[in-house]
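Alright, structures below, take your time with them.
Here chain A shows up in two complexes: once beside chain B, once beside chain C.
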Partner chain A sequence: MKHIIYALVDNKPGVLARISGLFSARGFNIDSLAVGETHDPTVSRVTMVVNAQDERILEQIKKQLDKLIDVMTVIDLTKKEFFERELVLLKLNTAKTTRQKLLVLFKNISAKILSYDKKEAIVEITAAKAQLNDLLAQLSKIGIKELVRTGIIAIGK
Partner chain B sequence: MKKTGAQILVDALLKEGVRVIFGYPGGSVLPLFDVLYDASIDFILVRHEQAAAHAADGYARATGKVGVCMATSGPGATNLVTGLATAHMDSVPMVAITGQVKTNLIGNDAFQEADITGITRSITKHNYLVKNIAELAGVIKEAFHIASTGRPGPVLIDVPVDVQMQETEYNYPEKVCMRSYNPTLVPHSGQLKKAAKLIAKSRRPVIYAGGGVIISGAHDELLELAVKIKVPVTTTLMGLGAFPEDNELSLGMLGMHGTAYANHSIMESDLIIAVGARFDDRVTGRIDKFAPDAKIIHLDIDPTAISKNVHVHIPIVGDAKTGLSQLNRIVQPPDTREWRKRVMDWKKKYPLQYKDTGKKISPQYVVEQIYKVTKGDAIICTEVGQNQMWAAQYYTYTRPRTWISSGGLGTMGYGFPAAIGAKVGRPDKIVFDIAGDGSIQMNIQELATAVANKVNVKIAVLNNGYLGMVRQWQELFYKKRYSQTLITGPDFVKLAESYGAVGIRVEKKEDVAQALREAIAIPNVVFLDFIVEEEANVFPMVPAGEAINQMIGGMA
Partner chain C sequence: MKHIIYALVDNKPGVLARISGLFSARGFNIDSLAVGETHDPTVSRVTMVVNAQDERILEQIKKQLDKLIDVMTVIDLTKKEFFERELVLLKLNTAKTTRQKLLVLFKNISAKILSYDKKEAIVEITAAKAQLNDLLAQLSKIGIKELVRTGIIAIGK
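After this line comes the complex of A and B, so read on.
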């Protein structure tokens, strides 16, 4: 099962290497990882989507993360109410579509067309993972030339 | 007051109570060694950096203090790696200080450069690369704190050579304040109450004690608990010495080469009280068949050790000494009469035993004689393999910190340098390295270190001309195809003599005890070369992947 967990860590060099090294050394699966400074510049927040076969492995992931000296807290958001978002930048092939059609597709979603010409469009989309996957499936029919995702970030209520 | 980085390092070590360093100089630690030249710290110059790490480790295990080793950048640092991994697996408090190339050369593939913090990230408890001299004093304070608290472990500090030479205003911090590191020492009282309840209801309980008991100094509390609730105690390899093996409640060691009665007791128990142990695969054997009827109480300072390999019913995070003393106050003895009778019956009927062929010396006999001659008052270090298992089985451990062995990593070549470290830390003790003729050759160069520093350890090589444990597996599971396990060595007696040590070869059973007494009396490093039975095996044995009551040479 997929879980969104986050860790608050000391904003120091090498912390990310410790976290990613832990996942590879212990054979834990990680789907995405997003890191950024918090409102306290000495603290970074690492948001991870992990794939744990069972509760025991999830517990191990959390405990092993917490054991790292630079990690302050580890929280499993999946156990609470939370909002998740991912930002995607896309380069689309415009030969098969129009600006109008794209806007229709983006109706229910926060999207911005950053540039548009005869050959290609660059689009910015922010959404929750489920919505995003639906949309990307439709867009792939039009022709995605390039795709960049930030990985999920999330916040608890 | 202004000080250079090197001066800060040495002063900080003194403030942390360091009196001895094991190490080796080199280009990137020249400023540091220049300061050490006048410092009131003993320096043991090893002949290979790996030995510096193992010696610091042996020193730490024998004394309970933080062991310190030191090496230069690049190959000096990478030679420490096996020693750090060994200490990490066995939770040994250590601080390793390495030199690094100049800050502006880091990442340039400079001469003798290695990314040692990158390399050791997963085999240290924590590590630091100090690029800014302002951080140096604080880092050292933190390093000693991290190494010695919670579940202890090695911490590495990498200091570029230019940082060693820079100057800064220096005050050694009095206290450590880390928002991200606060190990839980005092266990949750509610969990202890639950544990006490479960103990009172149990009928077939066993205490399973590991190295955590020794690290925490909880041996008295463990004995008190066992005696109070009249429950038999088995220890792990790392836990030898945590519980007196001459006590009637002792079941000795469990696991792959444990006693039959310890393994059967665990398998048939209805409650396992685990303290400072981690349910390692060499202990549990086949995990889905492990102790099927047992509820498990697990007291450990490391939350990740709990419910990692087996499901734990009552997890208790905390220090073993604190936890046990609190438990002792509230626990009530269960009715274990029937159970104890059964266990003691097994203990009588199926003791550890070996066949004496009468041709060559039995290796087990040598270990028994070491126990007899030293009256069990020595510190026993071991290498890894058959020598290690026989040393675990046939010496009776009654006190903590008298057994020093690479349990988790299983490092051949560990025992001799560890014995040097142990003897430096405990010069009042007789220190033996029980070795095989394979393992001893992995760090044999340390004879020079021991002789030069008058560290009079006694080496007892059980010389069978084989890499015995691997040969044993080949005999039992690979149709006696002895692939690369027949091994030659030098004439150890002459070798010892050429280093300035004393060599004694023993080929007859009747000479063993006398040779041991002689070795102890000689005020020098003594190398005892016992020519033993070539194909003796370590029994009982649980084949890999079997349940631990499926023992070869166990209960017939």
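After this line comes the complex of A and C, so read on.
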């Protein structure tokens, strides 16, 4: 089962290495991770998406995370109500499309064409996971040359 | 000097711990880090923002990164042309504002009000660093209750 977990941590060297080390020590892959400052610059917020094959081991990891000196809070949003969003930057092949066709694809989504020429376009897209995956499937038919994702961040309702 | 560095890495357990360990072993703080899958699901892209007090040490870290078995490419975008964007989710205090006032603030920026009631609003904002910091300064006067950032991602022009 996919879990979205966030932790509030001290913004200082070594914290991220300790957190990611806790997961890798148990062979857990972190699907995505995003860390940035909060409105308090001494505190960072780390958002992780983890696919747990074994829920008991994930429970252990969360408890150990919570015990780290640099970690203040660990929240698993999985059973809560939340908004989740991800930002993607894409370089698309424009040989088989037009700016107009792209704008039609982006009609119901937060997307913006940052640059466009005969060879390639660069676009930004912000969306929830399901909507994003649908759009990426359509864009891959046009031709994705480069793809950068932030990983999911989430906020409780 | 601030550096935006990205690495293409194998999408498997332990890689992130090794990368972040290289930085923390030299007392380097990673200001933000975002990691997600690329269009090849076996490959992840890690984007880091690092403030280098000592440029020579950062050069060493980049070389060591490049030597890690799981790391395919390391690119420092600092002297290149690129687009950089960050996504932020915010919970705002709505006691001293209105939906209309927020929409005016968001006029020239990619922002969306996800929910709004008498107590609080949840909004998503996607922008480049400078524009985002300006807006966050204005929003902090209204009252930021919760702030989640993805960290910067970037794509070469």
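Following the convention adopted for this analysis, the second predicted complex is superposed on the first by the 156 of 157 C-alpha atoms of A that agree within 3 Å, B and C clash if a C-alpha of one lies under 4 Å from a C-alpha of the other, contacts with A are read in each partner's own complex, and residues count from 1 in each chain.
Heads up, the rule we're going with is that a contact is a pair of C-beta atoms (placed from the backbone, for glycine too) under 8 Å apart; a residue touches a chain by one contact, two chains touch by 3 or more.
Because the structure is predicted, anything quoted here is derived from the model rather than measured.
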item	value
Which superposed partner A:Ile122 touches (first chain B, second chain C, both, neither)	second
Dominant contact partner of chain A by residue count, chain C or chain B	C
First, second, both or neither for A:Asp66, with chain B first and chain C second	first
First (chain B), second (chain C), both or neither touched by A:Ala95	neither
Touching partner for A:Leu114 - first (chain B), second (chain C), both, neither	second
Touched partner set for A:Gly14, first chain B, second chain C, both or neither	both
Shared chain A contacts, counted only where both chain B and chain C touch the same residue	14, 17, 21
Complex interface listing, chain B residues touching chain A	117-118, 121-122, 125-126, 129, 146, 178-181, 302-304, 307-308, 311
Residue ranges of chain A touching chain B (in the complex, touch as defined)	9-10, 14, 17-18, 21-22, 25, 56, 59-60, 63-64, 66-67, 69-72
In the complex, chain C residues that touch chain A	6, 11-14, 16-17, 20-21, 23-24, 27-39, 45, 47, 83, 85-87, 89-91, 110, 112, 114-115, 122, 124, 126, 136, 140, 144, 146-151, 153-155, 157
